[in-house]
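Alright, structures below, take your time with them.
Shared between the two complexes below is chain A, which has chain B as its partner in the first and chain C in the second.
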Partner chain A sequence: MARTEKIVPFLFVLPSIILVGIFVYGAIGWNFIISLTAWDGLKPNYDFVGLDNYVRLFRDEIFINALKNNIVLILFLILGVTLVGLILAILLDQNVKGENCFRTVYLFPMAITFVVTATIWVWMYNPTSGVFNSILDALHLGSLKSGWITDPDIALYCIILALIWQFSGYTMVVFLAGIRSVPVETVEAAKVDGAGPLQSYSKIIIPQLTPSILSIFTVMMIYALKAFDFIWVAGKGGPGGSTEILAILMYKTAFLDSHFAYSAAIATILFLMAIAIVLPYLWITRKKI
Partner chain B sequence: MDKKTKLTAILATGVVIFVAFSGCIGGEKEEKAELQIVHWWTAGGEKEAINALFSMYRDKYPNIGINEEPISGGAGADMKAVMKTQIFAGNPPSTFQVHIGYELKPYYDGDALEDITWLWEQEGWGDNFPADLQEMAQFDDEYYAVPVGIHRGNLVWYNMEIFKEHNLKLPTTFDELLSVCESLKNEGITPLAVGTLNKWPGAHLFEVILMSVGADFYSDFISGKVNINDPRFDEALNRYADLFEYINSNHAALTWDQACGEVLSGDAAMTLMGDWAKGYFDTRGWRYGVNYSIFEFPETRGVFDVICDSFCLPKNAPSRDAAIKWLQLIGSIKGQNKFNPIKGSIPPRIDAPTDEYDDLAKATIADFRVCTLVPSIAHGSATPESFVTKFNDYMDNYITYGDKTAVKSGIQKAIENELLPYM
Partner chain C sequence: MKKKLDVKRVVLYLILLLFLIFYIIPVYTTLTTSLKDLGEVATSSPIKLPHKIYLGAYRDAAAELKRPFLNSLAFAIPATFISCVLGSINGYIFSKYKFKGSELIFLLFLIGIFLPYQSILIPLFEIISSLGLYDTFWALILTHSAYGIPITTLLFRNYYDQIPNELIEAGKVDGYGISGIYSKIILPLSGPAFAMTIIFQFTNVWNDYLFGLVLTMSANVRPMTVALANLKGSFAAAWNIQMAGALLVTLPTILLFIFLGKYFVRGLLAGSVKG
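Entry: the complex of A and B
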């Protein structure tokens, strides 16, 4: 009987263990092995070349450019979605009439696929017929008109802005849940002690949102690392490589150029960056349990 | 039955159902030949063209089913990725679409294609296709693809009303083109519309400029024989830079068809594009010779920038016989003359009657039969794919930043790393 008790649960999880083992961990391991070979072209070539592909990567200005763009994307996207999400959550926390409606409206962009939103934002950013420059024209602010995504100096920031729009609804929901889980008693006690709304949020509520912030950081950093669809549709990393990030470079290197080992090395770097983000999160949350 | 035994029974039943449904046991497959075909023709015009071929195929071979897998995405950019993964997985379709030339090479190098020289000999195609084109379908003197349609890349499409209104003469030299552009600019009209959102149209424009410097020079360039400091390469870059003054400022936000839209709306006077642009104008009610017309990009008269669609036969293709029948159909006059008039392309066969084609296609067919045929870089025929990606990227950099030194060193590196080792 005791033996069955041990075996049955194991049997239940066995299919997932096998599938995850093969398709996730097996693939990661296989990818790393490929990155150490000379595989170039459609015919596999497993000649071992050690870390050559990695050495080449860090001498490749295109890779360095993509890495820099990726870091900018991570920093500004996280900063943006955290701030906008938090502000929206605080505003919604003021017992607004029709809160549910607002919540749905803010969350709605998350329900649209990136291919659609990227296409729409590219239209809006169009310097001649796009809505941004048209509005600026209508407001007689023609001097503020810009090339938006066609201007390599600001194209990446334009994409980050669009992504903030798409993600801030999600971060708002996470923050709102966090705010609502702060015990009412502590907030009430602070009020009794004379704390105004600003102090309540800055001294009592926001400091208790660490788990929300942490999970948003992790989710958004991982998204920013593997962001592909939006940027691919919004200009395939252009103009002039100004929005090219690692995932785009990896895809192009593998599936357009057929440099599979080199692309596997980019994938490994991406994986290590994701691990560097996830491990501390897992460590911090585990400690709490 | 206790709870644990019940759970075990449920689990076991679940596994059996899963296995049965996944077709591992008990599935009796009916053996019916089915042509599995992958292509990227999903837009208006091209979809109708491939469908016409399918219905011809069905009429001829009613016992063979067709299982098509269209993967949209301009010039097959997305289809190529899917194709590579399918071939890796040992699961190729019966046949798939590919541009002849270097776009075939990764599959040839990967030992994924069947030599179909016997089919060419059996059908006697050696006498029916231009020699230059046959060369593009060959590796080591063996044939690996069958061309179905030809597009021409070095054409400038212009708004006839604008040209008439401003009394402009069609330019035949590059300097004349610049002076036409200058006149248009002075009138507040964008002279040349380009849509570089997907990068390749910018590279396409530059490859035509390279041809304008000399067809021989272009051939040397794609063979990796050109030194990047060659004055002719400088000349090509300077010509491109001269045109920067006259192209639409929103080029990075537009696709090629939206650039055609600028010509249609009268915001721009000209655009350089392959002759698939015809489909764009025609479907919007414009007529060739009335609303729009074409001229060869200045100084490329006598040169035909070839973009050739073809199909190939993967090794271990399922329903190989069905695929061979497909290749026979698309290589035949009947097949090509069914497909091309609808698609807006021309037949690769030089013995195909031209009665069914419109005036523009007739003119293109006439040129095709006398011009020097050169393969396109931007469309994958002239150089290895990895070079094409870099070429597209560096040309996008050039049109964005205008930094000649950077583009020269980039192209030099691409020639060394992506062109010469893979020739």
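Entry: the complex of A and C
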């Protein structure tokens, strides 16, 4: 009796364990095995070559470039969405009339697919008749006009701006939930002690937002590793590799150039980066999950 | 004193309004561009309203996207359904029937939420091909169901954690087994959790591009996101058709968001703050 009580629950989750086991963990293991082979070309080839592909990676300028772009994307995207989200959350926390309306507008980009946002932003950045250059023209600031996403020097930052537009509503919601979960007594006590509105945020509320910040950092870092859809649709990593990140390079290397083993090595690096971000996060928050 | 306060309020609303414009401009220019004919797109500023409303871009985009729209529905609905049902069962077990190793299994599921899909893309392609499912709806149904399990499990488990264990005990006293308690007690209470998870997961699946790109090829299977990206290639200079297409692709999820947005927000928060 006691035994079936333990086995029956397990049987209920078994279908999911099998699916996750195959599609997540089996696939990760299989990918790692591929990365140790000489599989180059359409026909699978499982000749073992050890860590050769990894050694090659770190001598490959294209890989190093993608890694650098990925790091820039991570840093600036997190900085941007954290700042904008926090500012919006604090502003909306001031008993704003029509808060729901503002919130809905700030948040709706989260519900849109990256394929659409990429299509829209490429049009906005269009050098001849896009909205950015048109506004600059209208303001008689024609000298500031630029090639935007077609200019390799700033293309990556153009993408980051678009992604900030897409994600800061999400960080705003997370921060707003965090701000509102700070006990009212704590804030009131600070007011009694003479803290002004700015001080009550910087000294009392923001320090209590550590869980929100932690989860935003994690989610956004992971996203910056995965930001394939937007960049691929916007310009396939171009111009001149200036927006190529690891996820793009992995896809190109495997599904366009058929260097499967080499691509699998890039995929493993991506996985290890994700794990290095996620495991500490899950460990820190394990009591609350 | 009172007047000074008012100035502050004005500045506050002004900043909020500026942000509002920043968020709306992309949608606004998409709308104006989609309603212009190509000549006007080329000559007028995208900020200007259309001189004369032209619906031809929508006609052209709809002709291209009609079939992909049905394709997306054909896999997004079953995939959402399957991963939500599995997520609900998992959430129930992980919340109410802990067994040896269940915590570890739950943790291993959670890691799946953060998985960069590139790191499994080659094996996934091999699995789907060897099952003979490449370029079928089943490829996308199976893939989205499997990778949906981690997040749906987390959302349901967090929800079921709030249901008191006394209800389970009462069910046992009434003679219900593990599945009886689920169908008679837990499921009737799961409405809000299903609403949240279905909306959240449907949006995820609908919005996916990568799996559709890698696992499908023919026009009869390809999802709407892939079709839009292709439209971008084949109508490269026809910005009005592209923008009309973009709005059409986004319509279902935006409608869900407008009418059932609170569930979407709950899904976002439950999936990130806690997990």
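To be clear about the criterion, the second predicted complex is superposed on the first by the 286 of 289 C-alpha atoms of A that agree within 3 Å, B and C clash if a C-alpha of one lies under 4 Å from a C-alpha of the other, contacts with A are read in each partner's own complex, and residues count from 1 in each chain.
As a working rule, contacts are C-beta pairs under 8 Å (C-beta built on N, C-alpha and C of every residue); 3 or more make two chains touch, one makes a residue touch a chain.
Just so it is clear, the model here is predicted, and its values are computed rather than measured.
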- Message: Looking only at contacts as defined up top, I'd like to know whether chain B or chain C touches more of chain A.
- Response: C
- Is A:G238 in contact with chain B, with chain C, with both, or with neither (first, second, both, neither)? first
- Query: After superposition on the shared chain, which partner residues are touched by A:G41: those of chain B (first), chain C (second), both, or neither?
  - Reply: first
- Please work out whether A:H259 is in contact with chain B alone, chain C alone, both, or neither, and reply first, second, both or neither. first
- Item | Which superposed partner A:L91 touches (first chain B, second chain C, both, neither) | second
- Query: Regarding the shared-chain residue A:G130, is it in contact with chain B (first), chain C (second), both, or neither?
  - Reply: both
- In the superposed arrangement, which partner chain does A:V8 touch: chain B (first), chain C (second), both, or neither? both
- Query: Regarding the shared-chain residue A:V24, is it in contact with chain B (first), chain C (second), both, or neither?
  - Reply: second
- Note on the structure: Footprint intersection on chain A (chain B / chain C) at 8, 12, 122, 126, 129-130, 251, 255
- Touching chain C in the complex: which residues of chain A? 6, 8-10, 12-13, 15-17, 19-20, 22-28, 30-31, 34, 44, 88, 91-92, 94, 96, 102, 104-117, 119-124, 126, 129-131, 134-135, 137-138, 165, 169-170, 173-174, 177-178, 211-212, 215-216, 218-219, 222, 225-226, 228-229, 232-233, 246-247, 250-251, 254-255, 260, 263-264, 266-268, 270-271, 273-275, 277-279, 282, 285-286, 288-289
- Item | Of chain A, residues touching chain B in the complex | 1, 4-5, 8, 11-12, 41-43, 62, 122, 125-130, 147-150, 152, 155, 235-242, 251-252, 255-259
- Item | chain C - residues contacting chain A, complex | 12-13, 15-16, 19-20, 22-27, 29-30, 33, 41-42, 45-47, 86, 89-90, 92-94, 97-100, 102, 105, 107-112, 114-127, 143, 145-147, 149-150, 153-154, 177-178, 203, 206-210, 213-214, 225-226, 228-229, 232, 239, 242-243, 245-246, 249-250, 253-254, 256-258, 261, 264-265, 268-269, 272-275
- Note on the structure: Listed in rising order, chain B residues that touch chain A in their complex are 4, 7-8, 11, 77, 80-81, 84-85, 87-88, 106-107, 109-112, 196-199, 248-254, 267, 385-386, 388-389, 393, 396-397, 399-401, 418
